[in-house]
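Okay, so chain A shows up in both of these, paired with chain B first and chain C after.
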Partner chain A sequence: MPTHLILLVIQRFALGVLLLLASSVLIFAGTQILPGDVAQAVLGQAATPEAIANLREEMGLNEPAVSRYLSWLLGALQGDFGTALTNGADIGSAIAKRLSNTLFLAFWAALVSVPLAILLGLIAVRFRNRWPDRLISAVSLATISVPEFVIGYLFMFFVAVKLRWVPSVSMLNDSMSLGQKLQSIALPVIVLTFVVLAHMMRMTRATILNVMEAPYIETAELKGLSRFAVISRHALPNAVAPIVNVVMLNLAYLVVGVVVVEVIFVYPGMGQYLVDHVAKRDIPVVQAAGLIFASVYILLNMTADIIGIVANPRLRHPK
Partner chain B sequence: MMRIPLSALIGLTVTAFFFALAVFAPLVAPYGIGEIVGDVWEPMSAQHWLGTDNIGRDLLTRMIYGARTTIFIASAATLLSFTLGTSLALAAVVLGGWVDMALSRFVDLIMTIPTLIFALVVLSVMPASILILIVLMGLLDTTRVYRLARAVAVDINVMDYVEAARLRGEGTRWIVLREILPNALSPLVAELGLRFIFMVLFVSTLSFLGLGITPPETDWGAIVKENKEGLVYGIPAALAPAVAIATLAISVNLVADWVLNRTASLKGGRNA
Partner chain C sequence: MSDKLQKFVGKFTGGKLTRRSVLGRASAIAILAAVAGFALPDAGIAAEPKKGGDFVMGLKGGESTNSLDPALSTSHVTAKALRTYGETLTEVTPEGEVIARLAESFAPREGGKTWDFTIRKGVKFHNGQEMTAEDVLKTMQRHSDEDTKSGALGIMRGIESMEVDGDTFTVHLTTPNADLPFLLSDYHLVIQPNGGLDAPGAGIGTGPYKVTADEPGIRYKFEKFADYWDATRGHYDSVEIIVINDDTARANALQSGIVHAINLVSPKTAKLLGRSPEIDIETTSGKGHYIFVMHVDTPPFDNKDLRLALKHAVNREELVDKVLAGYGKVGNDSPINEAYPLFDSTIAQRTFDLEKAKELYEKSGHDGSPIVLHVSDAAFAGALDAAQLFQQSANAAGIPLQLKPEPADGYWSEVWNKKPFAASYWGGRPVQDQMWSVGYLSTADWNDTRFKNAEFDAMLLEARGELDPEKRQEIYGKMARLVHEEGGLINPMFNQFIDGMATNVDGWETNPEGDLMNGFIAVKTWFD
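Right, the complex of A and B next:
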């Protein structure tokens, strides 16, 4: 790899680290500096001033914000997120279990949706402006216009309740075999696939069309290359970076979509954990979960950009 | 005169119908919002067109009041994000320099955190009143409007007619209000519809998660939440608001598509 490419990658990596840091500041600020007293929010309006003062002391709220932030961040970097206000449990170990459940769900959803989206995108391009393309476009437009929980409940109602093919609630525990686990998460995986498929497929279609209309493709066709050679030698190298980009962006989207889907199917993952504790105003948990979601999102975006840099044939030959 | 295509006409009619329901909710709703009028989850009947909900309230009535809250919040938040996003973007483009730099980088930063996660973090410390929801959703979406408006305005800012206006000595106020804004408006109006849908989905999702609208108020997301347990017993009450959200979203989309195509053809674009 040429040095200027390595430099670009390092630059993007540094930017990613900077963004991670900045987002941690935002999340911390969002819960600590906003108007409204955290201790008051936790205890509710009826709390006595003494109770509030005690909680402020316990949460270290009397320290200056900057030092609180630094100790929180240093702890988070070592996997120590403190303890939950509601039950005193260690947040780090609670998250580890749930994060692996969420990643398990997201992994299978990605495994189904990514190849499917690229395939559908290719079909749409191949039959451009004919009925397969129009059908795919119409269905994807419809799914984009509908919130995740609507798709989720439609599936739950018809597939799990009416047809009884799969359970309507996705339990997961250690004693289950892989097959049982897969059966348990079948419905959430289908719903997540639906949620990201439309975006991913539309972006794939636009990307490939964009490449196929480039002048160098026409040149390649005019000089008599076979269809296969045009696609493999000219179209694909230029389409890889944008498609990888699309996939990464949608994996990032999946990470967010997972929050709602987990709540629908009562799946024991990070999303459910975050939503539960927002309702309970358990701020340390919200900060920890928020930081992890934001980090995954930023890391995926960064990976997309870095793959884009490395795979871009134009960057291989410096001017 | 331009003929309105059928799809846009359907979209316009349905959208207008939902807005009318929202505005005249107390007049058209057959019962009171919290009035218990029957058994739990009664099926559809002549008295209760959509049946009753999880504690025996008329579902149609709940839906109509839900439309009122959902559409009001979504409209107000869209209005906020549009006014603020467009003003900031125009300021950034016209003033340029460090103002543009600072605003754009700040927007980039906010956008590194997924909108839903950001909203959840904020709602963990703030009470979810209607005003706070509108401001929160409006501010978070300002980032997207800002990006679009800035991109559009940057293009217009270097047009010959803007240059001509500068050379004949017009002030900044004239440049912004009479030269840039009118030309930036049509792509922005097309985007308005999409932002509105996003707001409807956003507030419904928050309410569905139990972090948005809370009783005695209701909205479509909250109705789904209230009735979701029924689904397991095969009672489709929770699907009514789900269908309403989807219908509204698709209708607004149809209208937005038409506006987008129209502006593209006005500008000699390829989508004509």
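Right, the complex of A and C next:
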């Protein structure tokens, strides 16, 4: 029933948009109720009452909050986030550059870590409770337990400082070729892989094990289906949803949560950009970055849901 | 090996090594010299600068909120970028003398109330325009305009009017000021075309390198400016600044050879880093000081005996050894040290004396309620450690000192200059007059000890207009004594700047005004 399916997907999509709107309200409200006047925060010690009044006028702070919210949202929808208070730079183009760097790093980290995690998960299932399973679990749990900056510094010291295979700072610029860029981000990709690997690997292992033990798998085997048919027709659709969910959560982490890795490898991504502007109370930038992070989260989770719905017939028929 | 030896000898005879590092390497040098049959030359080897190469710095203190607008520069990284692409009217030499730079010469009139600057001819901006006195005037006006957000506004306040006549730029002051040429060397006051009124953040100046990439908080790239007027500066083909705020990442970048110089090396690791044969650690005794400030108008700090008790209860040597790892000098409860011109070195050093502290505390008649010190590592690196050491020694003298840790975020707006007793940091100023004016004059905005003394104010004004250096030194000595005795400043230590350099960088000059040769490193050094 394709029309029914399409309707469900549209419904899920609409829910995502609604959620995004709700979070935009939260972001806007959150930055409004920060203690202190924005104009005062911008001007700091040099603030005279006259300068504050001028700046409030200039920033439109005298208008009611609702109309400010609407004009901000309208601008944001068109990609116009205004200019940063601190250095007058156009936020849209600054974020575009930072976001593309962040996505570049997240993409390559995901490309390495997701297949690796699923492969390792499958190997762990295949050799369940034997030494390959134990080794994979022990190593991946160890890497997720060590703080990422420790792994980062260790790699930096041995691979970049001692062996000098790759640079210790991950600078990117437009004049670099793809090969140079990949060499530059090699270390953060390895560290991020270590951070996200265990979560996805364990989930894959647990889910598939769980499914393989279900009675209907046994039934399928008993009625004479081939091993391949059992896995592809019966086991996989039930295992995909949880795996995709955890993969998406980790992808979201790779986009919005890597500020520590960015700092130690001097990577020009979104995290550092947001932290710098929060420290300076640069409200328009904080709002824009918050909205983008919320969108990424909602988009990835929505994708996970839709893949789950499409892959698993049971989810198409809510009780 | 002989290159290395030669370089070391050059530094040695040039007087650029500290006593400590000479002692450390003296035996090695003796052996080397014997083996190589090398005779020490009687004068410093005047190494000829070599041209070329791409110089890269990894610097702490840059944010994505930065702008290349000189008026808005408050961070380490933009200050270095300004030195690299721009120049000021005057400059302070490593010896502490003021020299003309974009001015050809300068002279006072009317007892220092009016100053004439003759502007250098044949200097070009990076956009091809010739620099004129009009550009200088516009620049100064932009920084002294009442609405400006310029960090240099404080030093421009004494200016009554400015004018241009041909090549001469004239400044009329409200009161005579013998230090005006020093003040105009401030790094904010980079001369820009039309004063930067058209495009303040464009990064166009008269310096040896022009800006080719401006990515705030990430990197800055500069290329040699072909039409630069002074052949003795700007030896590299290109210069790059990479913002590396993380201490370990910065040290690693230097060790792995990605950058040639780093700033703000952590005192705890400086000695380890210096062991690498490819790295030199350069220390600079500057004017910055790590302090505790008391509001002298707020009880219980309005009691002079209590203030003196606290001043005697701090173990200065211990703080220098433990908090600064030896990279610093003890302070004497005055913001001025020997790095300033006209420093009075005859003021007796205040000692760590628990007996005396106890006696003074009892004499103060304090009721024994907790004396609260507000502190955060935002004040200076190691402030919490320093405060704990202070607390222990004060408690040993019977003073009920307590610590109140504060969040780093908002420390400078919510705690410093608001709470009556707090940890703080002051960077230096080029001259004493400026330091006293911003922090100790009764009317100063940043008078963080609430020190209000009519006698002091009168002496400051008198010294400002005094053109005879000996008389000025005498007045400054009296002022320092007054603050040392009466003030709310507990200054246990002056910190040193610690920079790391690749050994193939030559031409280093220690400049007490600031780290990395007061920012001139890219302009004045070369690859050996």
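Following the convention adopted for this analysis, the second predicted complex is superposed on the first by the 280 of 319 C-alpha atoms of A that agree within 3 Å, B and C clash if a C-alpha of one lies under 4 Å from a C-alpha of the other, contacts with A are read in each partner's own complex, and residues count from 1 in each chain.
By our rule, a residue touches a chain if its C-beta (ideal position, glycine included) is under 8 Å from a C-beta of that chain, and two chains touch if they have at least 3 such contacts.
Given the structure is predicted, the values throughout are model-derived calculations rather than measurements.
Considered on the superposed chain A, chain B and chain C are sterically incompatible, since they clash.
In the superposed pair of complexes, A:279 makes contact with chain B and with chain C alike. Looking at the shared chain after the overlay, A:84 reaches chain C, while chain B stays out of its contact range.
Using the contact criterion defined above for the overlaid structures, shared-chain residue A:52 touches neither chain B nor chain C, since it reaches no partner. In the superposed pair of complexes, A:298 makes contact with chain B only, with no contact to chain C. After overlaying the two complexes on the shared chain, residue contacts for A:122 are found with neither chain B nor chain C.
Within the superposed three-chain model, A:212 lies out of touch with both chain B and chain C [touch as defined at top].
After overlaying the two complexes on the shared chain, residue contacts for A:259 are found with chain B alone; chain C is out of touch. Which of chain B and chain C touches more residues of chain A is settled by the count: it is B.
Once chain A of one complex is fitted onto chain A of the other, the partner contacts of A:164 are limited to chain C, with no touch recorded for chain B. Of the two partner chains, chain B is the only one that A:26 touches; chain C does not reach it. Overlap of the chain B and chain C interfaces on chain A: residues 153, 156-157, 161, 168, 263, 277, 279, 282. For chain B in complex with chain A, the touching residues are 109-110, 112-118, 120-127, 197, 201, 204-205, 208-211, 221, 224, 228, 231-234, 236, 238-239, 242-243, 245-246, 249-250, 253.
Against chain B, in their complex, chain A makes its touches with residues 19, 22-23, 26-27, 30-31, 34, 36, 38, 41, 141-142, 145-150, 153-154, 156-157, 161-162, 168, 252, 255-256, 259-260, 263, 274-275, 277-279, 281-283, 286-287, 290, 293-294, 297-298, 301.
Within the complex, the chain A residues that touch chain C are 43-46, 51, 84, 86-89, 94, 98, 153, 156-157, 160-161, 164, 167-169, 171, 173, 263-266, 268, 272-273, 276-277, 279-280, 282. Here chain C touches chain A in the complex through residues 58, 63-67, 69, 72, 147, 149, 153, 201, 213, 215-219, 242-246, 248-249, 252-253, 255-259, 409, 413, 445, going by the rule given at the top.
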